[in-house]
Amino acid sequence: MAIDKRVASAAEALGGVADGAVVLLSGFGGAGFANVLVRALAEMPLRDLTLVVNSATHPLSQTHLLIERGMVRKVVCSAARGRGKELSVFEQLFKQGRIELECLPQGTLAEKIRAGGAGIPAFYTPVGFGTDLTKGRETRTYNGREHVLEEAITGDLALIRADRADRYGNLTFRFTQQNFGPSMATAAKLAVAEVRVAEDTPIAQPEVQLPGVYVDRFLVVD
Amino acid sequence: MAIDKRVASAAEALGGVADGAVVLLSGFGGAGFANVLVRALAEMPLRDLTLVVNSATHPLSQTHLLIERGMVRKVVCSAARGRGKELSVFEQLFKQGRIELECLPQGTLAEKIRAGGAGIPAFYTPVGFGTDLTKGRETRTYNGREHVLEEAITGDLALIRADRADRYGNLTFRFTQQNFGPSMATAAKLAVAEVRVAEDTPIAQPEVQLPGVYVDRFLVVD
Amino acid sequence: MSNLKPLNRFQMAWRAAQDIQDGMLVNLGLGIPVLASDYLPAGRDVFIQSENGIIGAGPEAAADSADPDLVDAGSRRVTLRAGASIVNSADSFAMIRGGHIDVTILGCFEVAENGDMANWDSRVPDKGPLVGGAMDLAACARSVWVIMEHNTRGGGARLLRRCTLPLTAVSCVDRIYTDIAVLSVGASGFVVHEILDGMERDALQARTGAPIAFAPDCQPLVAPPIEVPG
Amino acid sequence: MSNLKPLNRFQMAWRAAQDIQDGMLVNLGLGIPVLASDYLPAGRDVFIQSENGIIGAGPEAAADSADPDLVDAGSRRVTLRAGASIVNSADSFAMIRGGHIDVTILGCFEVAENGDMANWDSRVPDKGPLVGGAMDLAACARSVWVIMEHNTRGGGARLLRRCTLPLTAVSCVDRIYTDIAVLSVGASGFVVHEILDGMERDALQARTGAPIAFAPDCQPLVAPPIEVPG
């Protein structure tokens, strides 16, 4: 049967997601948030999610919906600070001890996800050595410099945003929209994309930025 | 001064290469060999080179020139078998104990080079565990499976082949021409490309397959 | 018994191809495995991955349209299927090592009853090693299938208690397609699922270097006639 | 002495920008550092890297051409320079961690005389942590420059024997541009290369929380007048 990864609804896109899922959410600085899918996820009766996302508090992301509805047990991110003096939803829950946090250097976060998709269970990095974020971590000297051992991140679900898709799930991204999306798709058991446009014909080979074999389903939004 | 990475001659492209250099050579299956630059390198009075190359014996590569001229102390590769029953130049020298060999699984070779360019000094991989190629290597269990620890590869010089370049060194590749080229460029102190075409205007952003910041010099070859 | 005709290499490739499921991402090794792409059952939409970075390799190119920059893992000049894309070697092996290949079909010298595989070093004196992507594929594809003659030219067993040749990967082989049988490797060793039509079970055991069990639904192995090109 | 006018934040950015060399790949942190791109000396061809993957970020976009998919590390909608390219986050941090950034200029709270840096956690009660790419940049850029006020609002020292705030990276800072001095961090601690025009050396030492040495060619720090927008 001819491959066709397009789905008709957000419900179909998110079918099979279960309590306790580790959910990888793309997006940085306003670009690449899969906000339609995140809103749809927030409508599902899910609990104990772990979110892996660069920022837990970016105002242009809908991540806060999942957090404020009490669906999230833990956040793994590089940024969890709300803007201004008011506490963000995340910060309020964190202050109350109602949500767990693992804060990572952004490049370590990105590399852990890339490793998860690439079959590398652990790697050494110089980043974070000697800081509070790597306390108690195993270290080793390479090239006269201390490094910390970091383990891969894998997920049950990745929700990513792209620009165009073809039936095979091949994706293109606009400008900085890609950020964490491509590696998150490789690291998740189920990778779902929301896109602006579904192409009727296959995307030409040199334009494909994420091979469709990494994408399980995509939804056209707007 | 406006950046312009184009050089006029192979001599200029290879200026500064010294005895004992670790040289990364791109190419796989006939695509992506920087044969013009390799031929020029073979004309230089260099000794004790270490070559990092997928195959030491591919008939469409000029790697054998460096080997047969006695310039090479060691080869790191995933393939060192000549075709047919006749021994290749590499095999003859290896039989005579006049050249060293480190044979690696191809994906481990590729990942070690990628790690070298990405500031990852070492990583664990399941590949090669329990085989002769990883004897004596440090191992560790992740997810119930044994993994071996592999260290990064970096080089003094990378010679890679691409299709088009702009003055900033941005590169595009045709089809499977890319193979090891992009990661080799990231892992070498000096990355030199040979290309078919120099573009007068910058290559459009989505078409760039290797950012020019990784390319130090490029030479246009027929 | 002497009339029994084992499968030729095209028929072995055909037999393995019948088990490739719709929508799979498949990596085919050099030699017999790469032939399997010609025998996929109609209607199966399959992507062939080539270790040098092709996702969606098509058939070998015609001489007049062959492109030297579009080659597969066997240095053959190939084509691309609809929806194909190409990545670099680091990303290709990230795909392989990351467990994204549904099935790899590999040529092989020996398989042990625990699934150990030896397919990269046949110990030819003075010839250099050639491992290529074999270890990555054998260790990391979700399913590892082997196509090989059941026995060596000298009649020796290739299915063994323990491999005698250097290993490619440990405990990795899931299925074996030989010229006289189709087997799987289970927790207790080799299980025969198909045996050459007309062959006695004892005869198969005699040609195998480890105990074999027969699946309850063991079938005769039959393949359509396919001529080996002269 | 009371007439001495420290540099404003635009002048500090200007001063750091003068030291960016032709052909460099530069990453500019949020706040004052990002202003430096406006003050590059004429004729310097520089690529600005943004941690979210831009190689060659241009100035902030005009409101009518701003694109929500083209943002920098500070979520500003920006433009691209000629020759720009864009990679994903894993590749962007491979570039950063791999030592391919010639210079990063970062905002900072504290620097210790051994080069330790604290710039990510000012211990505001109940506010969540925000490390972003600071640790990657501080640990791995070839050269790490800091722009910060020489003292806290309360007059406390920011250049210290040891940092009091949580570290970003150890022994990483190469140069410091403050409102009253330009310093480097050497094997024996802080070395002053420029001191605010007219300021006494003792006065600078009094405002610094660790011993300072003066380079033999120490110069007066002067910047052209740049107004801080109301």
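General remarks:
Letters A, B, C and D name the chains as they come in the text, with residue numbers starting at 1 for each one.
Convention: contacts are C-beta pairs under 8 Å (C-beta built on N, C-alpha and C of every residue); 3 or more make two chains touch, one makes a residue touch a chain.
The structure presented is a predicted model; accordingly, all values stated were derived computationally and were not measured.
Of all chains in the assembly, those touching subunit A and also subunit C are B. Centroid distances built from C-alpha atoms place C farthest away from subunit A. Across the two interfaces under comparison, B-D and A-D, the one joined by more C-beta contacts turns out to be A-D. Centre-to-centre, using mean CA coordinates, subunit B is 36 Å away from subunit D. Distance from the subunit A centre to the subunit B centre is 33 Å, each centre being the mean of its Cα atoms. Averaged C-alpha coordinates give centres for subunit B and subunit C that are 30 Å from one another. Touching two or more other chains at once are residues 111, 114, 118-120, 125-126, 175, 205-206 of subunit A. Annotation for subunit C: residues touching 2 or more other chains are 86-87, 94, 96-97, 140.
Under the stated contact rule, the graph of chain-to-chain touches falls outside the line, ring, star and complete shapes. Interface note: chains touch in the pairs A-B, A-C, A-D, B-C, B-D.
Residues 111, 115, 118-127, 140, 142-143, 147, 151, 172, 175, 205-207, 209 of subunit B touch subunit A in their complex. Partner subunit A is touched in their complex by these residues of subunit C: 22-23, 25, 43, 45, 47, 49, 55-56, 80, 82-87, 94-100, 140. Interface of subunit B with subunit D (complex): residues 1-3, 114, 116-120, 166-168, 170, 186, 202-203, 205-206, 208, 211-214.
On the side of subunit D, the complex with subunit A involves touching residues 50-54, 67-75, 77, 86-90, 92-94, 96-97, 116, 121, 126-136, 139-140, 166-170. The residues of subunit B lying in touch with subunit C in their complex are 28-32, 54, 56-58, 60, 78-82, 87-88, 90-91, 94-95, 101, 103-108, 110-111, 113-114, 125-133, 163, 174-183.
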